[in-house]
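In the two complexes below, chain A is the common chain; its partner is chain B in one and chain C in the other.
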Partner chain A sequence: MNLSLRRGIHNREAIAGYLFVAPVYIAFILFTLYPLVKSVIMSFTMVGTEYVGWVGLQNYAAVFKDYAWWPSVKNTIIYSAVVVPAAIFIPFFLAALVRLMTPAAQTIAKSCLYLPQVSSGLVMSLVWFWIYDPFNGLMNYLIGKVGIPPQIWLGDANTALLALILMSVLAGHGSNMLLYLAAMGGIPNTLYEVARLEGANWWQTLHNITWPLLRPTVLYVMIMSIISSFQVFTPAYVMTRGGPGLATSTVVYKIFNDLFTYFSFGIATAEALLLAVVIIGISLIQFRFFASDVEY
Partner chain B sequence: MQNKVSDILKKVPAYLLVGIWIVIALTPLLWMVSTSFKGETSLMSTPPKLIPDPFSLENYQKLLEQPVFLWVKNSVFVATIITLEVVIVSSMAGYAFAKLQFPGKNFMFWLLISTMMIPGQVTLAPLYELVMNFGFLDSFKALIFPPMAAVWGTFLLKQFIQTLPSELIDSGRVDGASEWQIFSRIILPVAKPGLAVLGIFTFVAHWNDFMWPLVVLKDQSRYTIQLGLSAFRFEHTTAYGPMMAGATLAALPMVIIFLLLQRYFMEGLTVGALKG
Partner chain C sequence: MKRRLAVLLVGLVALSVFSGCVKKTKRIDQQKKDLIQFWVAENFEGEGKQWEKVVEKYNNDNPDVKVELSVKPWDRTPLNVALQAKKPPDVVFHYFSDELPADAYEDLLDYLTPQEKEDFGPEIIQKFTNSKGKMYNWPWFIFQTAWMIGNGDLLKQAGLDPEQIQNDGWTWENFINTCKKTSDGERYGYGDAQSPETVNLLLNGLAGPIVSTTKPVEFNWGTQAALNVMKNYRDLIYKDKVMPKEVLGIDVFGLHEKFQRKEFSIIRSWIAWIPDLEEKGNISKIYILPYPQMDNKEVKLNVGSGGWSVFRQEPSQGEAHLEKVIAFVKYISKPMAGEFIPSNWSGLPASRSDREEFLPQMTKDDPNIALVAKFLESGSMTPALPTVAKKMNEIVKTYTSEAMSGKITAKQAVEKWSAEAGKLLN
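Our next item is the complex of A and B:
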């Protein structure tokens, strides 16, 4: 090919490239990048729904002094401290166990465990709202079977957050399990054969071979779980409205409330940016400390 | 022979534990369906029964006093439009990022991807302001336009199209096809499995979406099914029967889609984590 023809193709290709990415990119600039920048501006210039000019760190200071902020942070941390480990370990063990089953049984198990995840947060929240009913709820009936007295669950500040946590822990964990299964399938069988020849039992193999080699997947699951659990909203909104009192007010529930109940746009954007900084910070720290290329 | 028996015996605990967890995971859904078919008295019966006795449709009749079919129709409409637009724009951008050379490509892709970790609440207020200024509040436009910034879809399809052989494109060029023809007649047909994965995930995600519709829709006649049920729950706090009928109605289409198209769900999941 001569030079001018090649350059012609390159130009044509470049123009096509820009045209092909244009729809996504224009929308991305309009609906993602611009709002990102705008939210920073809002947090430094808005009081209520008014732009009042530069207010410095006033909104951030107001967040830290807000009586509802720290309880919401605390609730979110407690929630995540239980839900994230559950989302890492439960599907890991499920995957390890499912791998011992026959292919047909594996298929059934995968479907059954994934199925609950296609229903919306709203649907699950309504169902658990009914399960936690103090008078006719399934939960009180079941714990009554093992001798625990009935609880008010969502109506009691001592049990409401626990109820929300329990709902997330007792899920199918199907998608994380499928991620683990896919990664486990990539571990060479020879490693397990060697381990068996050396007399390692199931637990030792799991602990010394599978878990360390699955580190990239564990890292991915961990980051995704932290991101989603730090953003928990729907159950708090639908089941308890953050209550009783502030017992189930989460950070995102508070952001939502500040925006659309109190119309404190400056404060709400400050809160959202604080949340973003924490989430990104945690993710980067995890990348640094846990990420390493696993070689088989 | 003895080996085989002991092999099976060893696996009994695995079946048992997985079985127990399946029961735990499916109980809420089964309980939802079961409750939805119970009459007012059997709803309150102790001990609670899994099989409704007597079997009753009164919850569904009560639910129909709400405009549920309108809500379902709205959900179908919005989720379908979003799915189509996301698949179209993502496949175009994904193809360009995977196979075409243009100045600034790597930076543009990096910029796109780097926003993936930022929680959606950050853009909630400015996006609300934006759709308000566009006059989109309380209309489907507010739901339909923002998802066009399909970052995840672009990423997914770039990963997928990258695995297709570049010779396809070269041979198209040699044959004198235009860039659009190469994309639409050569790339799209072989990228169908990737498009299916993206389409299914997008449809489910937007059928299930709750917070954004809650923010931008006010008029009940434009509610999605999720929003309608949420409103019903706050108007009738203890009407568990109709509430479960509504939840069943909202969950059923997703369950059917999942059961029919399982393999795409399983494929789609692993793309982001393993090849990223």
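Our next item is the complex of A and C:
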């Protein structure tokens, strides 16, 4: 085949390729990039619902002075500080335990552990709202069995955030567990055989072989968990409306409130951008410090 | 083949994306009638069906017009989306203030006749006029829907006369004693799952509006009166012990369930739910109870109001169309065939002449309506407050919630909200 014909075929294939990915790019531009750029512009040009022209950093200054901003940031950080390690370690141990089971038992265990992921966050929140009912809820019934007095849970500023965190920690680790299981399947068995011959027990094997070799997966789970935990909204909105007081107000809940309750477009978009910058920054730090010796 | 498939796919995507960008046409249906898009949100179950009958009758009586009714969820999102897409409905039950851009509305002031102006009165007209002098709402009803409601059976069993309480009013101490009398080991005297809103209402009624309505703008809720309100309400849980702290951890519908099961004698709720609660709780009569006086001062209720907004259309549908829309709005704002839909939540007609005509019928058999009517006639319209007041209300509710949950004292709550309000005003 001569060069020009080959080039012609290549060009035709390239055009076809571009056309196939075009819908995705168009959707990305229309539904992600354009709103993102518009948000940036709005944060510098809107006060309330009105375009007033360039206002500089006025909206950003207003965000930092808002009495509800820093408590929301604090709550989000506390929430992430507990939920993220739980999202990393609990599914890891679950995966390690599931791998010890017979194949049939593994199938059942995987199905049961993944089932909560199928429920929407809204449904989960409503169910947990009932679990936390201070009068007749399951949680007070259970803690009563071990001698702990009933708690108000969502109505007490001292326990409300804990209640949401507990829900997130217990709610479901199915998808991360499946990721770990898949990654564990890629570890050569010879390593485990050698460790067994050397007299290593289950914990030593897990700690010295499995965990280090799962580093890429752990990094992925960590980054995704941080991104989702920093954007926590549904439990705060459905179960507590950010209260009592500001006890469970999160950054995204505050953004929602500013936008849809108080119609402060400029402030809400400024808050959203600040959140985006923080999440990007944390992700970059994670890549810098934890991905140096990760190969995919 | 691959390229053809790719071209087809891109074409379909492009078609779906751009299909929304059609040229806007006049809203005339196939039978050449003026189309009026009419949105309502249900305030009670079955309201949509009532509106269907109203719209059907109007369409039959006005053959040149077709009103299209849409019953929307109680959520601002559909309206926001419609406004952003520049396709708002013609008429919507509008419970916003003037938060939306002023040019979104038609100015209804020009359609107010002198008789109507006198009938509504200057307070209502002013309430529905935004800061730019545009009347953005056509008055429909006045109301105060948040009340204490009592299980009449339990009150009477405890030897109390709810109708006497309605007629004579009661003090805060009487209220607490009533709660204690009607409670026992398995029943609580009082429950409120929306304490911040109730405290806000009491503050308005006893300490005045949150900020002054004239300049210089001053914050009014840093006073002793405000502290008394916060302290008295908080004491219901921590001192008087007539309200369980657990009620802070449930929502109003959870409270309704417990009220139906007679676990509470009196709750704070919305009166639109009374028929439902009576039926499901097998309660022979639920009484609306006046808010108790505090420090010998009667709670002066703010009178809320609701109306209809007429949204500007692009392109304009013409003056003739707008007049038909206004005619429809005026029609639905009045009692129709002896019925007034807002009466389901004890709303009264906004027009004085309509009230005079309709009220005797409404109050005839129901002491609850008589009580509400009495307070509405003596109350005053919620004043138009500066924009900063909304943020201040949020701050007050935040610290009220903290005080009720026990995190801070009443005094600390008042100090904190006064400090934040001061920062906002500076």
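In the analysis below, the second predicted complex is superposed on the first by the 284 of 296 C-alpha atoms of A that agree within 3 Å, B and C clash if a C-alpha of one lies under 4 Å from a C-alpha of the other, contacts with A are read in each partner's own complex, and residues count from 1 in each chain.
We take it that a residue touches a chain if its C-beta (ideal position, glycine included) is under 8 Å from a C-beta of that chain, and two chains touch if they have at least 3 such contacts.
Values in this document were obtained by computation on a predicted structure and should not be read as measured data.
Enquirer: Would chain B and chain C fit next to each other on chain A once aligned, or clash?
Expert: On the superposed model, which is not a single observed complex, chain B and chain C clash.
Enquirer: Is A:L246 touching the first partner chain B, the second partner chain C, both, or neither of them?
Expert: So A:L246 only meets chain C here.
Enquirer: Based on the superposed arrangement, let me know which partner A:F64 touches: chain B (first), chain C (second), both, or neither?
Expert: Neither partner.
Enquirer: Is A:M42 touching anything from chain B or chain C once the two structures are fitted on A? First, second, both or neither.
Expert: Only chain B; A:M42 stays clear of chain C.
Enquirer: Output check: A:G155 vs chain B and chain C. Expected answer is one of first, second, both, neither. What do you get?
Expert: second
Enquirer: Which partner does A:W211 contact after superposing on A: first (chain B), second (chain C), both, neither?
Expert: After superposing on A, A:W211 lies clear of both chain B and chain C.
Enquirer: Look at A:F287 in the shared chain and tell me whether it touches chain B only, chain C only, both, or neither; answer first, second, both or neither.
Expert: Neither partner.
Enquirer: Quick check for you: in the superposed arrangement, does A:I279 touch first (chain B), second (chain C), both or neither?
Expert: After superposition on chain A, A:I279 lies in contact with chain B alone.
Enquirer: Have a look at where A:P134 lands relative to chain B and chain C in the superposition and call it first, second, both or neither.
Expert: Second partner only, chain C.
Enquirer: Determine, under the contact definition given at the top, whether A:Y262 touches first (chain B), second (chain C), both, or neither.
Expert: In the superposition, A:Y262 contacts chain C only.
Enquirer: So which one touches more of the residues on chain A, chain B or chain C?
Expert: B
Enquirer: If you lay the two complexes on top of each other, which residues of chain A touch chain B in one and chain C in the other?
Expert: Touching chain B and chain C on chain A: residues 12-13, 15-16, 20, 23, 27, 30, 129, 133, 135, 260.
Enquirer: Name, in rising order, each residue of chain C that touches chain A in their complex.
Expert: 2-3, 5-7, 9-10, 13-14, 17, 76-77, 80, 99-101, 196, 245-251, 254, 258, 263, 387, 390-391, 394-395, 398-399, 401-402, 404-407, 420, 423
Enquirer: Where on chain A is chain B touching in the complex?
Expert: Checking each residue of chain A against chain B gives 9-10, 12-18, 20-21, 23-25, 27-28, 30-36, 38-39, 42, 90, 93-94, 97-98, 100-101, 105, 109-116, 118-124, 126-131, 133, 135-136, 138, 141, 170-175, 178-179, 182-183, 217, 220-221, 227, 230-231, 233-234, 237-238, 252, 255-256, 259-260, 265, 268-269, 272-273, 275-276, 279-280, 283.
Enquirer: Across the complex, what residues on chain A touch chain C?
Expert: 12-13, 15-16, 19-20, 22-23, 26-27, 30, 48-50, 65, 67-68, 129, 132-135, 150, 152-158, 243-247, 260, 262-263
Enquirer: So in the complex, which bits of chain B are touching chain A?
Expert: Chain B reaches chain A through residues 10-11, 14-15, 17-18, 21-22, 24-29, 31-32, 35, 43-44, 46-48, 88-90, 92-93, 95-97, 100-103, 105, 108, 111-112, 115, 117-130, 145-146, 148-151, 154, 173, 179-180, 183, 204, 207-211, 214-215, 226, 229-230, 233, 238, 240, 243-244, 246-247, 250-251, 254-255, 257-259, 262, 265-266, 269-270, 273-274, 276.
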